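What follows is a pair of complexes built around subunit A, which joins subunit B in one and subunit C in the other.
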Partner chain A sequence: MLAVSDLKIHYRTLAGAVKALDGVSFSVADGEIMGLAGESGCGKSTLGKALIRLEERMQYVGGQVTLDDKVLPIADDRAMNPYRFREVSIVPQYAMSALNPTRRIGRMIDELLEARGLKGATLRPELERRLAILGLTPDVLGMYPIELSGGMKQRVVMVLSTLLDPSLLIADEVTSALDVASQKKVAGALVEFRDRGYVKSMIVVTHDLAILAQVADSIMIMYAGKLAEKAPTRTIVEAPAHPYTRLLLGSLPEVGIRFEEKRLPGIKGRPPSLLSPPTGCRFRDRCPLAFDKCAEEPPFIEIAPGHQVACWKADAHAEG
Partner chain B sequence: MLRYLARKLFIYLLTFIVAVTIDWAIPRFMPGNPVDALVSRIALMPDANAALTSYFMAAFNLDQPLWQQYLNFWWALLNGDLGRSIMLFPTPVTTLIGRALPYTLGLLLPSILLSWYVGNVVGALAARRKLLDNTVLPLGYLLTATPYMWLGILLAWVLGSSLGWFPLAFGYDQSLKAEWTWKFISSLLYHWILPFASLFLVALGGWAIGMRNMIIYELESDYANYLMALGAPQRLVRKYAFRNAMLPQITGLALQLGAVVGGALVTEIVFSYPGLGWLVLSGIQNQDYFVIQGVFLFIIVGVLLANLIVDVVYVIVDPRTRVGLQGDAA
Partner chain C sequence: MLKVENVSKVFRSGAFGGKKKRVIHDVDFEVKPGEVVSLIGESGSGKTTVGRMILRLTSVSEGRITFDGEDVSTLKGASLKAYYRRVQGVFQDPFSSFNPIFKVGRVFRTIRREFLSDLDNAAWEERLTNALNAVGLEVAALDKFPHQMSGGQLQRLLIARALVLDIRLLVADEIISMLDASTRIDVLNLLGDLKRQGLSIIFVTHDLALGNYISDRIIILQKGVIVEMGATDRVFGDPQHPYTRSLLDAVPHLHERWSEEELKDLGLVADTARFGGHLIEHRENHLVRVYS
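Take a look at the complex of A and B:
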């Protein structure tokens, strides 16, 4: 069970602090695969990274992260180390280049495990078993990363990241660089690993809503450093309450429609700068439903069980 | 692997032939003639001069057509004969080179290897300590931008001429006899320090900067980030980063070798150090074809050998080249 409350992460830049995460609160239940979506720069990757390791230019400003009733010391790199890999793990965006190119994969894994105080040899059978689940033979452990295809590297990284059965796995844009066939395999593997209990809960960060519809139990939509909506996948797809979610879904192509006749609508305008974000609802300028009250910031409230929205007009939509 | 080596060897052989041909041609395209210089030194009557000139021309085979001289040259070379020096007639060139070689090697090998080693260590340290980085980087740029002979002249002027701490010239005290006594060896070392320092310092700057940049690059690379996200200790990440950062440094060592040999020649001239550089300078001044040829031949072989060794070492340390080879063979 992951609980995040009022998390604020800023990026230090020469122009000032970029408020990439500006007070984010949500929770992920055990066994839940939560999709995290939004357009580029909305803070979804920042959120994913913040839960495991802050980059040097990322600055913890406030908030609390609790995993299985323990507070994660995310602001303290050293104190966070024991939790990494064992409690929280990540399949990074750059899985293709995540393995040291000059070490055989098996040796690299052994060295990593030993550096974490574990025995590579005792974990080897489990490692090989899990590789087999994803269709990889134990031979890959004797190879260098360059000898593997991109999809194979991705799967090796998935197995390695989840080897210690972490409570939370962050999958950051894991399908973005893959072809459709590999995407499907990786998506299937995520669900499989959850079902087998290798990971308790998962946050799948992506801009690809189609993938989330396949794997996620719930979807959380972010906009400009804030949460817009979180709901079970079905609800998000069928009855989104936030106007941003609706526009986001509306800009996806649908099977069977010829776009020569009907243009994809898209969303007009651009997200606000996070250097000095506007007050009130951040989607106000692009929102077709905006009215006077949107000058006040809408709270992220539950409008139905498991369905939270930050929009003054959310109730009306959910009903209509 | 064997195919790769065979291909490499073929390329090196081709390079060798071309380089040696150029080496043979250049002194012969210089204006003037070594025999004239030799004869004018003997200073006989004008008609005797003419007879002597034609005698020497025939003796050195310089009266033959160029293509014949070229073939003679290769034939002699393959028999290990580099000819006889004209300026120090009749000493064979091989003897002259044999005499000069220990000085050059004694200067080159320690300066190349030590600067490479020390530079890599200093650079790797600088990559993680801000304070050290702020001094190493500008100093490194300054050193690496300095021409060898200029630093040599500077050192000779300040430490040799002004302060008088070190001797200005020669390989050892000229009043001593070359023998294995403590006195001679210490004199040898004493004379060695300045030319060594000038070569060492210039090379050091480049290595330190290169290593610093490579380590920083590696520590920011994806695999380093992934390891840190999985809680790997700094020790492991740095170990990987250092190892991977070494690869370009190894290539760099081979590439630098040629430049350092050139630098050693000039440095030896600055310090009148009795190595190959000094020998080649006197060879050029006296238009001694055979000495020039011989010395450059040595340098050619040295650079090619060094590169070949690095090629082989690279295959051993970087699996990516090895995989590339397998892919090639398949």
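Take a look at the complex of A and C:
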């Protein structure tokens, strides 16, 4: 089980600190696949990365991350090493370019395991078994990355990332660059690995709400470095309480909706700059429901079991 | 207006171009004025290549493409310039379409120099303002650098750049796949408005939902072959080819969850391509490839 409390991560830039994560608290239960969605620049990828490795420009400002009752030393690059791969693992955004093009895949995996003090040969049978579960033959281990399609590479990286049964897997935009057919296979793979217990819990970061509606147990929506809403998938999709979630869902063209018959509305304006974020509710400038009270920051509170929202008008929504 | 007649594309590779690879097989369709046609397919289906052939960014190997009865591949000099006044393209990545060193207005000055040097200042200003208004931007936007604008705004600027030229056909190649969900729909709605004003659009995409939202007609491409084409509601409402069906089945829906079997089913028809066969009329305005 993962618990994050009041996590703050800033980016150092010449113009000042970009407050990409500005006090974020949530938890992911064992066996839960949590979807994390929002517009670009809302901090969703920053959150995913912060849980495994802070980039050079990223600065830990405050907060605590607990995984299975152990505090993760996320601010300390060295101290995090024993946790990476074994406890926390990631499938990066461009997994297709994460593979070394000059090595056969099998050899690259062996080298990687050796660097962690493990024997490639002892893990080989398990590796082949897991590849087979995702519909890949052991032949792929003798191939170069260029010989595989994007979706196949994505699945290879997934098997590799979860080989040591980590407690938490972060899947960062793993379906975004794929065609619908490969996208579905990768989505199925995520659920399959959770069901088999290879990973205890997962955070699936994506901007694609439709794919989250298929695989996630719960969905968390971020806006401008803060949490907007978190609820079980069905609640988010059928009865969202935050106006931002509603607008986000309302702007999705689904098969069956035609411009000629129904013109979908977009969301006016742009997210605020995180160099000097506005006070109060950060969505206020784009929000159709904004009123005086929105000048104060709304707390992220529970309005129903498992359903948390940061909006002054959320209660009214839930009833209506 | 635009006719793509039995067009094929063969790429040559290897020493002396000895290896041949046929990537487009006998593609044949037409775009009428004010019509939005979607070219839908997975990566490697040749959808982008078809768009590039129409824009003359790559040559046609067999068959021909005509615009108002004129063979596009024979155009040179002044007649080619005249063609580009009527047909323009916008591509996937708006950030790499602009030079980050210059303000975005430079793109428009280049257009004026190349195509509209005969216009006086007042006429040019009017044309520019109209084009920018059509995409919902102010003239002040031209004074910004690319990094100061969002992807959606840049993409709209590129559409405005095409509109300045009185174009009649826009080739839009994956123009919204890099945009956020909230800005996506703005660009899509803009295309819909332009279509109402009589612009024809070839919308190249791998996203079936987007193709469905905006198009009058759909063309499904698999490995360079048209497997199904016709009116949007026919193709999506009553798909006949197994490939179209498997693509539609793989589209995630918000309000309908795949069953466990569906989700974990790894065998998809999409993996097998069949060549040969021919398109027959399943019913009016709906062609399907059949194999005998």
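In the analysis below, the second predicted complex is superposed on the first by the 318 of 320 C-alpha atoms of A that agree within 3 Å, B and C clash if a C-alpha of one lies under 4 Å from a C-alpha of the other, contacts with A are read in each partner's own complex, and residues count from 1 in each chain.
Definition applied: a residue touches a chain if its C-beta (ideal position, glycine included) is under 8 Å from a C-beta of that chain, and two chains touch if they have at least 3 such contacts.
Small disclaimer: the values here were computed from a predicted structure and weren't measured.
Asker: Quick one: is A:G16 in contact with subunit B, with subunit C, with both, or with neither? Answer first, second, both or neither.
Answerer: Touch status of A:G16: no partner.
Asker: Can you tell me whether subunit B or subunit C touches more residues on subunit A?
Answerer: Tallying touched residues of subunit A, the top partner is C.
Asker: Touch test for A:G150: subunit B only (first), subunit C only (second), both, or neither?
Answerer: second
Asker: Looking at A:G62, would you say it contacts subunit B, subunit C, both, or neither? Reply first, second, both or neither.
Answerer: neither
Asker: Tell me the contact category for A:L264 with respect to subunit B and subunit C: first, second, both or neither.
Answerer: A:L264 sits against subunit C, while subunit B stays out of touch.
Asker: With both complexes superposed on chain A, which partner does A:S97 reach: first (subunit B), second (subunit C), both or neither?
Answerer: A:S97 sits against subunit B, while subunit C stays out of touch.
Asker: Where does A:G142 make contact in the superposed view: on subunit B (first), on subunit C (second), on both, or on neither?
Answerer: neither
Asker: Look at A:L209 in the shared chain and tell me whether it touches subunit B only, subunit C only, both, or neither; answer first, second, both or neither.
Answerer: So A:L209 only meets subunit C here.
Asker: Touching A:R53, do we find subunit B (first), subunit C (second), both, or neither?
Answerer: The answer is first: A:R53 touches subunit B but not subunit C.
Asker: So in the complex, which bits of subunit A are touching subunit C?
Answerer: The touching residues are 39-40, 134-135, 150, 179-181, 183-185, 187-188, 191-192, 207-211, 213-215, 237-238, 247-249, 251-260, 263-267, 270.
Asker: Help me check something: in the complex, which residues belonging to subunit B touch subunit A?
Answerer: Within the complex, subunit B contacts subunit A at residues 221-223, 225-233, 235-236, 240, 243-244, 247, 317-320, 323.
Asker: Which part of subunit A faces subunit B closely enough to touch in the complex?
Answerer: Residue list for subunit A touching subunit B: 52-53, 80-86, 89-90, 92, 94, 97-104, 111-112, 115-116, 144, 146-147, 157, 160-161.
Asker: For subunit C, which residues count as touching subunit A in their complex?
Answerer: Against subunit A, the touching part of subunit C is residues 42-43, 150-151, 180-186, 188-189, 192, 206-210, 212-214, 232, 236, 246-248, 250-255, 257-258, 260, 263-268, 270-271.
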